[in-house]
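I'd like to ask some things about the structure below.
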Amino acid sequence: MKNINSIKKVVLAYSGGLDTSIIISWLKENYNCEVIAVVGNVGQKDELIGLEEKALKTGASKCYIEDLTDEFVNDYIFPTIKAGAVYEGKYLLGTSFARPIIAKRLVEIAIKEGADAIAHGCTGKGNDQVRFELAVKAFAPDMKIIAPWRIWDIKSREEEIEYALERKIPISISYETNYSKDKNLWHLSHEGLDLEDPANEPKYDKILEMCNTLENAPDNPSYIKLKFEKGIPVELNEEKLDGVTLIEKLNKIGGENAIGIIDMVENRLVGMKSRGVYETPGGTILYKAHKDLEEICLDKETAHYKQQVALKFADLVYNGQWFTPLREALSAFIDKTQETVTGEITLKLYKGNIINAGMTSPYSLYSEEYATFGEDAVYNQNDSSGFINLFGLPITVKAKMEEKLKKGDK
Amino acid sequence: MKNINSIKKVVLAYSGGLDTSIIISWLKENYNCEVIAVVGNVGQKDELIGLEEKALKTGASKCYIEDLTDEFVNDYIFPTIKAGAVYEGKYLLGTSFARPIIAKRLVEIAIKEGADAIAHGCTGKGNDQVRFELAVKAFAPDMKIIAPWRIWDIKSREEEIEYALERKIPISISYETNYSKDKNLWHLSHEGLDLEDPANEPKYDKILEMCNTLENAPDNPSYIKLKFEKGIPVELNEEKLDGVTLIEKLNKIGGENAIGIIDMVENRLVGMKSRGVYETPGGTILYKAHKDLEEICLDKETAHYKQQVALKFADLVYNGQWFTPLREALSAFIDKTQETVTGEITLKLYKGNIINAGMTSPYSLYSEEYATFGEDAVYNQNDSSGFINLFGLPITVKAKMEEKLKKGDK
Amino acid sequence: MKNINSIKKVVLAYSGGLDTSIIISWLKENYNCEVIAVVGNVGQKDELIGLEEKALKTGASKCYIEDLTDEFVNDYIFPTIKAGAVYEGKYLLGTSFARPIIAKRLVEIAIKEGADAIAHGCTGKGNDQVRFELAVKAFAPDMKIIAPWRIWDIKSREEEIEYALERKIPISISYETNYSKDKNLWHLSHEGLDLEDPANEPKYDKILEMCNTLENAPDNPSYIKLKFEKGIPVELNEEKLDGVTLIEKLNKIGGENAIGIIDMVENRLVGMKSRGVYETPGGTILYKAHKDLEEICLDKETAHYKQQVALKFADLVYNGQWFTPLREALSAFIDKTQETVTGEITLKLYKGNIINAGMTSPYSLYSEEYATFGEDAVYNQNDSSGFINLFGLPITVKAKMEEKLKKGDK
Amino acid sequence: MKNINSIKKVVLAYSGGLDTSIIISWLKENYNCEVIAVVGNVGQKDELIGLEEKALKTGASKCYIEDLTDEFVNDYIFPTIKAGAVYEGKYLLGTSFARPIIAKRLVEIAIKEGADAIAHGCTGKGNDQVRFELAVKAFAPDMKIIAPWRIWDIKSREEEIEYALERKIPISISYETNYSKDKNLWHLSHEGLDLEDPANEPKYDKILEMCNTLENAPDNPSYIKLKFEKGIPVELNEEKLDGVTLIEKLNKIGGENAIGIIDMVENRLVGMKSRGVYETPGGTILYKAHKDLEEICLDKETAHYKQQVALKFADLVYNGQWFTPLREALSAFIDKTQETVTGEITLKLYKGNIINAGMTSPYSLYSEEYATFGEDAVYNQNDSSGFINLFGLPITVKAKMEEKLKKGDK
């Protein structure tokens, strides 16, 4: 392991926010090292503007802005949709799977640049530090990792600002407190302030950015049509779209209709509960559409077992265990199940609701012949009698054992 | 096993509908037996009016109308809410758990009356026949069960009507086709007709009875407050209520706000898929409230494991395996987890949406001290570093093994 | 569906035993049809001798003897070893996975021959009828299946013999009763007679055929060495062997050392319990070797999750659900996990015991550096302290909540 | 949290071995505090002799020797047998469940004595530190825990001895290196030395203490008879025995017959793999007897689900999560399943093998009537046909869908 003195070059996961701005200074001050800022573009959009200039001004020797959006959608988001993975029944993992992809690129750049360490601005109380660092370990097990929040004496936002002012670090924040946010193509999360007490109703009109409030959503529904191929959305309203564009369009229309607003108290990996509000408009539509399509495309045994796999998959993603043999093996399972998840579904979006307005699939296992209440030729109702007798045989045997016991007792 | 000739008295699960009306005649005609009609009141309300008179007129020698509503709520509905059991991610099991309770009472009456057999009007293609018969087997393993739909030559509603007319059975139905429905305190289900093609959007304005359509729901939200004790709802809006009344009130307000409308293609136990629309307004509110409260009252390991148990519990209930050792053992697990699920939650109901507007619990494991982004005393951020190193050790070891392998290859 | 009259040609799963011998006659008598006997060679060895002649003599128009041994090992046995699937903790599925492969070939021959139906000699109380028929349905969903034991009036072995004698069917059995057996490359099963009472100790000296009794096994141990590649055994004692030969050799040496004798009461798919004794000498060695090797080749999360998958995989195989999407998807999961299950293991075989006598793998995740009790450089013991604090945080938070509650109570 | 200066009295988990002997000195030297030694007697037997005298001589102000054997058996061992919990398919958790009970008593004494901290001698690389500390947190979340191995500079056994010699701490160890052992009523574990390389065959003749080697076990089998009530062993050879005595007797006879020797590479909670040899003679007999009895006493669905619960239960016990809501809720599940696990079983013990020599239960669900190959009255073989058709319906529907697709392709 490298000791402090040997650290000459650090690659920093840079966002341009307060934290990583002062970390550049702090690293240079404490390690006397060069700092290379790396921004992973996973769809933060406007948050990316001016980042390179800012990083250099703040003391970075170089700034990489890496467009990871396509890879993010195809290799992280889509596999998770296919899994149907939802953390604790609510959270669509928007931040969770953004960390591994960024960390992986950090390692690549660190190796290319011959850096001695990787640094990040994650707090010591959250999940993101784990997600970042596990991904780093997966690709560079001996890489030194620097997590200033776990080391320095700064304890709060106020002290950060003070630190910046003292050193004349050009920061453009106001003293106005704000929710802690994480934004990418898939979602926007909000934590902190009044949300820290679960007794408080979230002030949605102040919080929401991607979504309308339910009340402000249009009074008329929007209809959309999605096409999936092998579990992956490929068309919106009969237009073939790449994943990034498709999600952006769904975010827009979903957000308008107030789709995908979640409020939850979740269990962090590091042992405490936290409360957050998430906006995932497009993602929520995709999950719903995919799940419904699976209802006709998957047989019962597969669908039921996949529910359990989804729980585990969600845990792994949430915990930052993306680059692990188990996640990869579960993905192999899931991909196999998705071979027939192909079809079209129409959805009605209306004031927070997504209503299935009809779906079809060439692989549909729904068979009107079997299901109908009317006359049918294919199904022999008498079969049920044998089925029930054998399916219920353990119940019969047990009831008889009990009868015998009771008689014996007399 | 009894042979046909020995059947002198049959207890019939009677609903007053077309099916069970003609079954009375059919049983008497084919077995030359006495038929006792038994109605299990699980909250069908208006469907119960005039049933006794009708049964006797149609040929029953006696008609029992059994009020099972309290038992239904306390011994079937509440245990299932506590489990958080949802079949295939959507169905709140409204019909599923109504069958065992009715069948149990049928057996009790059959034994009291010295009946030779129990009959029901379930079709040979559905789940209900299984649920009825498994429950009968659990309490009377040698009881003869007669399921006319699996025996007789009648193949359709039309033929039933013909059969009734020929025998002058007083039936009060029109030729107008209608959805197949099942109603009780907890829900109302709809199957058949245009719903039999999943490509069709349900005509909600024609289908819904308990619920407003989303569009017709009020433009202003309703706020309600629920109190749970050990996982069971005990108060609505600060009024202590018995379970039946509480659910009725929630059905009313939930229905007004278009809560709890589900459209799904489900996998029946007997092997085929079927499509149904369910209205469960009060139930949907209770599930949401209970789930959210668990977020603060259950620790992570318990909550995550319970998700898996809920999947199995739902399968058992759906499959009619209520009176089985596994269902009982799972309930023992669940009851243990519910000891601290006590607290209050306020909900905003608005056009199909249920929004958590604040919750509290004396057993809350949410700790602002630990969760806060601000300065804190209780949590040592440095602990994370050790945690991550050990949690990630398998990843490190694997990455090093791979490095070694690669070097060896050269 | 074909009616009886249209059945002109039947393909029969033929074993040459009493059952299938009289079934040839019975089919011809009752359907007036041609009967083609098909024997699936899955390693029954001596049971195959003279089968063709016998089939023709008994009335078959043709007799196929299909060598399925290689396919049996590579496509059925090895995937199940890789899964580590054991039914109810004991049964290595020897009969279970032999049925699908035979049924698949039956369908292929039935189609080639233009047969109208497939017949088998399985009893109506067992699992094999299900396994056969599910496999037939998977490849020929409309194929008529004839299961004489579920139709005819013959109720016992005695009546079968009588039936044969009346028709002068050349059978070579004695009246001596015997255990019901099923033999193939993988195992030999025994059921019936005194085994039908679980209170009886099996008379192993009379029952065992593949294995010595424990007492008769040699007093000196045998050492063997196995090499696995991606979860599949490829070498025995440094000799590269095809799967069939390898299993045969292991059966011999395992049998000598009384390895792999199992006595169990199992739960059949069709609802009742049954008791059987199984001999699986080579298979037991392979399972043990594979499991031990996985201990060093798989990481903990994968290994633990795979334990659960193994339970499901075993159920599917036992239930005859080999040709189902879920079995295939689970195999995709398993194959992914096996990519690093490569290595060598030495085993000592001694009087029923298999002792691991050392193993190595290039992919070993066991790291002496980390595990050692001696001095080490790679592991910072201080990390544990942080790990324990966070891993135990939910316990701390709960204990504090309870303390607060108690104080509040005073 | 207490700071170092405020620590005036420490309660130490004392074993009398080298580690805890020098820890007494080290604590007094570093904290200038009183040290109270506490020994939890969980059946270490001869290891307990002279401990009090030794502790006082080594500097402890007091020494508690707490007899926890009955509680250990009834509240920790028996619940785990009932669960059928085995870690990673092999380990019977002998050390795992001994830690929580000792820690619980440590807390009780610490509170009674007004101690400021609890200390233990567990290494920073193992599981035991976690198990100890989680149990402490459960009962005293604010108690200071001192783990010298994670703090001091001593890095090896050699340095420990040096430390002792320098301070004239009366230790009675030789320089002879030895396996690291943990002994209690339930088992004896061995780690270290040549075992640290999984390529080495264990030198059983040098290692084993509770058990004969297989080769030295008697040439004649021993038969024993066990009676269980609700999953708990209550009689051996028709003699009613308390749990401690019963296990001791089973250890003796099991050990003679070389029962219960396990060699494994296990995954520690703290992230690395380790290799150990375990002797659990009596425990292995009890697990086998209990499992076999469950085969006739539990219905299939319960038995299968319990297999999964056992996996989780084993993880929790192994991880030291005994005092958690999930472990308690799983125990509620298990206890419910054990209500009918009552009966008698005879076992033959012979050279490492345990052979079921017959079992009976008043609650047996094994029914010869149903299982028999002979004629029977209770089971209608024709029922199978309906069962198979419905159980296989998803396969049929899928096969037909595929046929349709293929036709469509042409």
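Letters A, B, C and D mark the chains in the order given here, with residues in each chain numbered from 1 onward.
Heads up, the rule we're going with is that contacts are C-beta pairs under 8 Å (C-beta built on N, C-alpha and C of every residue); 3 or more make two chains touch, one makes a residue touch a chain.
Which chain is which protein? Per UniProt: A, B, C, D = Argininosuccinate synthase.
Since the model is a prediction, treat every value here as computed from it, not as a measurement.
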item: Partner chains that chain B and chain D have in common; value: A, C
item: Separation of chain A from chain C, taking each centre as the mean of its C-alpha atoms, in whole Å; value: 41
item: Centre distance in Å when chain A and chain B are each reduced to the mean of their C-alpha atoms; value: 31
item: Residue numbers of chain B (touch at least two other chains); value: 267, 270-272, 299-301, 321, 324-325, 364-365, 367, 370, 382-385, 387, 390-394, 397-398, 400
item: Chain-level touch network, classified as line, ring, star, complete or other; value: complete
item: Complex interface listing, chain B residues touching chain C; value: 299-301, 362-365, 367, 370, 380, 382-387, 389-391, 393-394, 397-398, 400-401, 405, 408
item: Of chain C, residues touching chain D in the complex; value: 88-89, 123-125, 129-130, 133-134, 137-142, 147, 149-151, 155-157, 180, 191-192, 196-201, 214-215, 263-267, 269-275, 291-292, 295-296, 299-300, 303-304, 307-308, 311, 315, 321, 323-325, 346, 348, 350-353, 355-360, 364-368, 370-376, 379, 381-385, 387-388, 391-392, 394-400, 403
item: Touching residues (chain side chain C, partner chain A) in the complex; value: 267, 270-272, 298-299, 301-302, 305, 312, 316, 321, 324-326, 328-330, 332-337, 340, 389-394, 397
